[in-house]
Amino acid sequence: MKRRRIAERGIEGLLVFCGALSILAVLFITLFLFLRGAPLFKKVPLTEFLFSTRWEPTAADPGYGILSFIVGSLLVTGLSLVFAVPVGLSVGVYLAELAQQRFSRAIRTAVELLAGIPSVIYGLFGIAVIAGLNRSAFGGTGYGVLSASIILAIMTLPTIINVTEVSLRAVPRELREGSLALGATQWQTIIRVLVPSARSGIAAGVILGMGRALGETMAVLMVGGNAPIMPKGLNGMVRTLTMNIITDMSYAKDDHLTSLFATGIVLFVFILALNLVVQIALKRSLSGAEGAAGA
Amino acid sequence: MRESERGHAAKIRQERWAFGLIRALSGATIIILAAIVGFILWRGLRYSNETRSPYLPYAERSPEGVAILVNGGLRLEELDFEQLLGIYSDEYINWAKICADATDLLPLALEPGAPGAGSAEALVFGQAPAWGALVEFSPTPEALLERLASTPGSIAILPEPALAGLKPEARRIGLRRLVVAMNPEAAELVNERSVEEISLGDLAGLLRGSPASWAALGGPELPVRPLAPESRGPLAAALEAAGLEAPLPAGGTPAEDSGQDTCAAIASTPGAVGFAFARDALGAGLPLLRLRGRETGWNLKLRYLLEEPRLSGRAGGISTIILNTLSMLLLTVGIAGPVGVAAAIYLVEYARQGPLLRLLRLGTETLAGIPSIIFGLFGMLVFVDLLGFGFGLLSGCLTLSLMILPTIVRSSEEALKTVSPALREGSLALGATKLQTVFRVVVPAASPGILTGLLLAVGRAVGETAALLFTMGSDYKLAKGLFSSSRALSTHIYLLFAEGISFDRAFSTATVLIAVVLAFNLAAKRLVGRMSRNAAR
Amino acid sequence: MPPAVKISVRDLDLWYGSVQALRKVGADIASRSITALIGPSGCGKSTFLRTLNRMNDLIEGVRVEGVVEYEGSSIFAPGADVIELRKRIGMVFQKPNPFPMSVYDNVAYGPRIHGSPSRRAADRRALDEIVERSLEQAALLEEVKDRLHKPALGLSGGQQQRLCIARVLAVEPDVLLMDEPTSALDPISTSKIENLLEELKKRYTIVIVTHNMQQAGRVSDAVGFFLHGELVEYAPTKEVFFNPKDKRTEAYISGRFG
């Protein structure tokens, strides 16, 4: 009996460890990334690293400025949201409020499968189709900000759709009925009551999608053009933070390698900040929904 | 009342537009999915490439009375002239750059001076023979054929008459050597552009003198002068055999005798253009017009799935890569599955509401949001370097396990939460301990949900690339152990593209990958469907 | 003089899928009066109420037969305008359901969706007046006039319910349907709303569903008693309470079941 007790304790201890593994992993990732990347700032001032556009890590007088890549990441991510948010919101509204059974099941399946397609396949599709269309429409190489944003928009669509649908469904039925009973049409109810009520949740979805886009590597690597310069306009070639890490990783040494980890730190900080905002927004959206239910 | 009623009708009509738009956008998701999957499948199964080659797509079976034979094991149907020339002048040492075969190359020929050897020599080199050092000479056709049959990857050229009465155990292949040569003046640069290529369809027109000036093709202001070989020479015979319509001597100087004379005529006539043998045109230094065509065929063959890759994937198939991917998935699920389910059990069954639980949840959420490239960096730092596992299966799988952990934890949590408390109480009431209750009652009851989560996680892991590149390595041989560098399907796709090896092969591999991913996702969906049906009962 | 009939219901049957929720209900609802609907839970009184402004349309699988006429024309007629109907027949729900926006925007919601989207100063002033008047009528203006632009969710439950009433009044309806409007409120808020009903009766026709027999007795002019989807008895309040014709009504009122 006693031995069994001890065995149970042991197993329970193991469960605790597994439960804590995620947070431990996050802590270790943070720790190692900083340990490996931060030494760069002893040689290169942080301000120069962040605000210089001179990226010549292999030159005799090496330059480690990643401003172009920060701008590239933000530009590509922002533009992808410009494409993805209107579509994602519309589809989310459709699934939550308007859908007929069969059509909505087909759409839901499509969204789930889109979420499952590997990024390297998005990349191939981007090279062969998106960049090609882009080239014939706007000239140039076809590789650049625009193509990367379109691919990213498709990739972030499922996240935005899902979160929009879930937060719209969380809006209490009473609000919908209250609006309809005042003689509002379905459209007015959606636009003026439901979407505003679900806005924190929808914002969380958009930010979640933003995080996805910011962290995406393979697809943008394949269609972005990867020129280590400030992007020249919407059709100019672009290198993002993620691309910068993966491109040089295979041959970088010494300070150059450290600078790649430092790039990782910058990306990581961006992502953590976005995650924090999402957590706050989701909490707000849940408490908002409860508050709206009244009583 | 009347007026406002009409107002409502108009309002509702307007809103119908809005709803229509939303419906259309929703439908667009299906179209996007269909476009991506359809394109990858179509492109992976069939290839349809634009070809740019100076050679006309006609292969001669016996050019100038010479037979070209290859060892029966070689998968090759035809060569073009420059390939043949390269083979006999040491430019190639194996077949990889010519066909999908990586065997070593052995060029065979009759000894110079042997009866009939001259015609083969003339076919390849014209007047100035320059045999490569790798060429192996045989004194007699019999010896030559013997050597050919016994050496894989060998190729031989010998005159037709020498073949008479012999039954070679080798395959005869065709030679493409017809090109369109142009007068150098017509190929001059104009505004940094020059006439370089033409589609096969436009070629017939050009040889009939339309357009009348090279300027229409981006060249200099020079009249187009199509030249024809005389009707008796070997060039005329080759053209006739190919069914090509030789240009009429429309005001141009008619060429005479053999192909070489035609080339000379083209070289000396401003604006001239005409068919020629590659040997003569190259010999005369004439610019060749490149011909745009399109070739299509099957891309993904069963052979591709079953053969080992060779030469960085240039040749062979992807069998070892599929097996490596499989072992990667098994190992990853073997690591992440138990850990993830255990974590979910702790979170649902043991942890009390409070700051600790919130912290653990925050950990899962944060981990889920970390981009794969960061996981790759971490894996490289810790598993590859610090723990010394090196680039290999184990490092890659540990990294992947961390990546898919949140997916497994969250779906298992959901599954465990749906198990009714009555079941737990029933078990506890029978005197079972909490642990027994969890493992014998709760987990089995939640297993379909847990399995669904595992399938989805595997679907995510199989497509991962960025995290694997710097942890699992990229050796395309079969992984021999936990520490051996190995390449997964997704990495293979990327490397085929990034190393510029083959777009067609990248798409074939992508077809396999997308089939695997869709299978996992649809299986998960199936399982969910069955679960909700059971729940409804 | 018999009061004018506002809503006339005859032979109304209603099914949720295969379950019949209303059976041959017939009633004439008088103009500018308060009609209380009572009965045990699940008896069909709320369903009946929701039929009057076609809120049941929103529920899948609902089928209706029979006649409901509002001011002499059928509300189910093929060309009938649901939106106009709901504008004329307003509804207050059991749980207060203010929208997650400011007090002002809640009340202005109706006029805004029914009016033109113009932002001219004159229109803004007109809207201010409507909001003020509606809050006044709902006896809420005094309590909220300093926080018109604060979130409505910050109000107490009773204030929220009166805000919902004000929100309906701002659309200038003709009939008010109230589905147990005080069941989620404390006694003080309840009495405030009951007093309000007395005031509103002068201008509106009110139909109120209530579980509270005393409330029905206090505020209503006529009472309808529902049981198992049937309108068992429908008569002036005094008659129903002191001289019920049906045994089942008597049993319910004296508290023997329900």
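As written, the chains take the letters A, B and C, and residue 1 is the first residue of each chain.
In this text, a residue touches a chain if its C-beta (ideal position, glycine included) is under 8 Å from a C-beta of that chain, and two chains touch if they have at least 3 such contacts.
Remember, predicted model here, so these are calculated numbers, not experimental data.
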| item | value |
| --- | --- |
| B-C against A-B, pair bridged by the larger set of C-beta contacts | A-B |
| Most distant chain from chain B by Cα centroid | C |
| Centrality ranking, top chain (CA atoms only) | A |
| Separation of chain A from chain C, taking each centre as the mean of its C-alpha atoms, in whole Å | 47 |
| Rounded Å distance, chain B centre to chain C centre (Cα mean) | 69 |
| Centre-to-centre distance between chain B and chain A (centres being mean Cα positions), rounded to whole Å | 30 |
| Chain C, residues touching no fewer than two other chains | 83-84, 114 |
| Multi-partner residues of chain A (at least 2 other chains) | 185 |
| Touching two or more other chains - residue numbers and ranges from chain B | 8, 11-12 |
| Residue numbers on chain B that touch chain C, as the complex places them | 1, 4-5, 8-9, 11-12 |
| In the complex with chain B, residue positions of chain C that touch it | 81, 83-84, 114 |
| Complex contact set, residues of chain B against chain A | 8, 11-12, 15, 18-19, 21-23, 25-30, 32-37, 39-40, 43, 339-340, 342-343, 345-347, 350-351, 359-360, 362-367, 369-378, 381-382, 402, 405-406, 409, 433-435, 456, 459-460, 462-466, 469-470, 490, 493-494, 497, 503, 506-507, 510, 513-514, 517-518, 520-522, 525 |
| In the complex with chain A, residue positions of chain C that touch it | 53, 55, 58, 83-87, 90-91, 93, 95-101, 109-110, 112-114, 153, 157, 160, 164, 167-168, 171, 184 |
| Interfacial residue positions of chain A with respect to chain C in the complex | 172, 174-185, 188, 192-193, 196-197, 288, 291-295 |
